[in-house]
Amino acid sequence: MMVQTQAAHENRGLVEVLTQTEIRKKPPVNLVSRQIHPENTVVEVEGVLFGGPQFAVIAGPCAVESRDQLLATAQAVKSSGAAVLRGGAYKPRTSPYSFQGLGAEGLDLLTLAKEEIGLPIITEVMDGTELDLVEAHTDIIQIGARNVQNFSLLRQVGRSRKPVLLKRGLMTTLDEFLMSAEYILAAGNPNVILCERGIRTFETATRNTLDLSAVPILKERTHLPLVVDPSHAVGDCRYVCPLARAAMAVGADGLMVEVHISPETALCDGQQSLSPAVFQTLMDDLRLMAGLFHRVL
Amino acid sequence: MMVQTQAAHENRGLVEVLTQTEIRKKPPVNLVSRQIHPENTVVEVEGVLFGGPQFAVIAGPCAVESRDQLLATAQAVKSSGAAVLRGGAYKPRTSPYSFQGLGAEGLDLLTLAKEEIGLPIITEVMDGTELDLVEAHTDIIQIGARNVQNFSLLRQVGRSRKPVLLKRGLMTTLDEFLMSAEYILAAGNPNVILCERGIRTFETATRNTLDLSAVPILKERTHLPLVVDPSHAVGDCRYVCPLARAAMAVGADGLMVEVHISPETALCDGQQSLSPAVFQTLMDDLRLMAGLFHRVL
Amino acid sequence: MMVQTQAAHENRGLVEVLTQTEIRKKPPVNLVSRQIHPENTVVEVEGVLFGGPQFAVIAGPCAVESRDQLLATAQAVKSSGAAVLRGGAYKPRTSPYSFQGLGAEGLDLLTLAKEEIGLPIITEVMDGTELDLVEAHTDIIQIGARNVQNFSLLRQVGRSRKPVLLKRGLMTTLDEFLMSAEYILAAGNPNVILCERGIRTFETATRNTLDLSAVPILKERTHLPLVVDPSHAVGDCRYVCPLARAAMAVGADGLMVEVHISPETALCDGQQSLSPAVFQTLMDDLRLMAGLFHRVL
Amino acid sequence: MMVQTQAAHENRGLVEVLTQTEIRKKPPVNLVSRQIHPENTVVEVEGVLFGGPQFAVIAGPCAVESRDQLLATAQAVKSSGAAVLRGGAYKPRTSPYSFQGLGAEGLDLLTLAKEEIGLPIITEVMDGTELDLVEAHTDIIQIGARNVQNFSLLRQVGRSRKPVLLKRGLMTTLDEFLMSAEYILAAGNPNVILCERGIRTFETATRNTLDLSAVPILKERTHLPLVVDPSHAVGDCRYVCPLARAAMAVGADGLMVEVHISPETALCDGQQSLSPAVFQTLMDDLRLMAGLFHRVL
């Protein structure tokens, strides 16, 4: 911490005189920067390694809906080779009248799934008041795209000892994204996994535009591991698999993919969820590709 | 509240089956909608009326920096005719090393300014844990652009009895913006003022692109009052005054403008702050225009 | 021309070493620049003056459809105070199966309308091979948004003696827009009128996002006159009038507005066309505002 | 042609009543559509096949600069396995003072390179008046991004017997892109190769944002072959190779890559050009990948 505080102090003079426009253009030198930390940061989660040779696949339903839905999906993604189970208990939804997640009950189901199936868990925290509870049930804390510049929450998870997966916002430049990660590192938590999940553009054929250029650029600028979420980007399961393969080819350290035991009945984002059978095919493809890219699944 | 819950319940079926793409396209019928509330909502703040004939101007520094800076600026904007004093105590900043605001000390200075100068206060809340404190010192609670989809915070200010000014996000569609306001209304707080402050586009000549088309469209779709913040949109004081005049001409209910007693020494956003002399000229122009647009300042 | 060639030559060294990214950020000093031509350029078209105190309103149908439609619309807009008649004979359409305009027959009808009604004419040229014909029938040559970087066409109209109205493209930065105007000036035609008509953004509530910030910025950077086209920007006649008033308030030199004698039967863009009665109301409003903004209609 | 005209006629009624907003949302059924032409169109160019199992790589300098530069680059890309030589004789440049290409002299050099090195040629046409000349010297006619909605030029190349490579514009939705291809097919030329080359977004870390999601979506909607140009998208040679590999993984039919014998002295876009050595490495990587994706180089 002492070294970090020192680095932060030294940067302060420089950064404070920059306007926001300048910050958008100029990659600042900070704790996230490869310039001061040339080797990859490898984040370890119950034996899964993000940022090393492993190509770590996070899979599971958008939202935890029920014991049966979660356990069946967890069993399916584990048997196909997923390394981490995802599932939302607190769901950020555009409308207050959409399904908002099961909350604490969802967290209990995730803990149950971990015990029964044996995969580490990632779930989203939306608010600092829920952080202690979420932290007690999850192995990775997810910060969603809409909270990428919720600086209070970033500082709070920066004081956690659990790894954090930080999603890029719909409108976040790469430099802003790295500055949001910097909030977490500056607060003392070095275990941050970045996640590219699509940006908002004029194009309406996809839910968002997956920005795969972000992968080589971020890998050059920062030592933090980086995964790609093609499900939220394209919003349509037909296009998820080719983009997942492209994510490996472009150099990502892993994937975050939505899988649902029964996509057509999902309470949330069913259109973009893979069925277990399609997920199995994707994992087979990635396993075939992995050797070429010096990766192991 | 009972009627609102009923309305919410009736909408639920419809809204839950919509995908996000559909929500982006289809204006939902909700508490914010003019279809169920045809007359303007008028939000009253210590005698200032948002949404009626008054053209209410909120002015003040980006950040509260010191007693002298705040009082001098407050005196200046009051004498030019501003109706509400703005000033940030908690500042959302892209970098953790930028000035983050004076916090509680800034809130005390705002209370002092209110007592000494006599203008009602607006200041931003960034986190639910600070809400009680902020609420005790402010007359209007501001939700910043980066928190427009911080749904936990929206629900929390929805339970406050203080009016809320909700800023549009940098990449929020008008329908998403209204749905965020709906969170506040659905939680029980009907006193919401919307604020258009520019969206993020490809154009780099301005900090953001002020979307004045949003004004007639929002005024048609919702009964809530709407003000325009040209300062954050263009990010350059030279262009603030013409856009402020355009905001009145296009039908906004008021303005939010950054004024600093000494823009060149401001700790935050000095480039976009008006000097008191320029603000005086702007208010003179708006007073000349007001009659034509059936407004009073 | 010699001085221009000299200036062009001197700039060449500087500009050639800039990457496109740099050009997007740095306003180059060129023939269009106020730095080398501080006074406003006033473009004269049959007694109508663009760039001086006159607020010049161009109005008429999107497309010339028939003798009756054109003459009736022309008569209506003239009696309301329009200064120039617009009407498309060659129409750029996304689909090859949409109505493409009447072509040469449309040009003849425009000439007829000028003779019968007495307004100068503006119509679009889409291709260099049609330029002689269009030039013979029009008083202002319009370059459409999709041709803003059709550099061959820009050079060709740069050799014409007729004034050119150049529309900003859907994704043209202000610096690129000025560089497109520079092509015309560098080819020898100093009479260019710029037209802001909305840019493409993520927002789907409007056809495009009208960028009124462009007005004060362009008026500062260039000496060329600038009009605003709210019809193509918002794509919905309900929002055209408030934005037209805002265009005067923000400092534009005039307007370009679509008016159709019978919007509901228009072959092209009927949804965004004003009826003659609504246009009359708009012109009345603008006349009331004009004095305040030191303008005459 | 008769069948095409018939199809066009039948679609007319449907398409004409759509507003542009609707066209942006609704994939129209047309000559480009897989619904009426389920098998892939394979475009043959001197034995190179676009749209079949071959992964066809187009490579060469941004602009033809000199005999030596072109021949040396051509020799290098051929020996690495490129299938087609690219080189611009007419260059669309934002500024009139930037290098505009060698014109007719450049075309002669391309013909020389074809004779000496033996690769088919692709070069851009910017204007209908140059079409006969360009057509006589090239094997594939390129339509650049800025001309994607230059409908006159699309119709003109639609009457050519040479294949056309159509680049997506910076602001073109996928549906608009397909409608531009439809102009060419409707005019009688079925040999169109689509090219995704990045769209303009808010992100400034790259020149444009490469939209690889476009690949599976376009391959689903149309039978036309599709290549990816990562050079213009990212604008930085360091990121071209990973994105080129991703393009194969996502399902593109080939690539278009800028290679320069001496990138640091290039007159145009040197920053984004690969050196011959880096291009050789890229081709080696693609050859290793090809089997997995059922491709041959």
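Worth pointing out:
The letters A, B, C and D name the chains in turn, as written, and every chain counts its residues from 1.
Note that a contact is a pair of C-beta atoms (placed from the backbone, for glycine too) under 8 Å apart; a residue touches a chain by one contact, two chains touch by 3 or more.
A quick note: this is a predicted structure, and the numbers were derived from the prediction, not measured.
Across the two candidate interfaces, B-D and A-B, the one carrying more C-beta contacts is A-B. Using the average of C-alpha coordinates as each chain's centre, C ends up farthest from chain A.
Rounded to whole angstrom, the centroid-to-centroid distance between chain A and chain D, based on C-alpha atoms, equals 34 Å.
If each chain is reduced to the centroid of its CA atoms, chain B and chain D end up 47 Å from each other.
Chain A and chain B have CA centres that are 32 Å apart.
Of all residues in chain D, those touching 2 or more other chains are 25, 171, 200-202, 204, listed in ascending order.
Across the complex, chain D meets chain A through its residues 24-25, 171, 173-175, 199, 201-206, 209-217, 220, 233-234, 238-239, 242-243, 245-251, 288-289, 292. Chain A makes touch with chain C in their complex at residues 25, 200-202, 204. Contact residues of chain C toward chain D in the complex are 8, 11-12, 15-16, 19-21, 23, 28, 30, 92-99, 126-130, 146-147, 149-153, 155, 169-171, 176, 179, 182-183, 186-187, 200, 204, 207, 235, 271.
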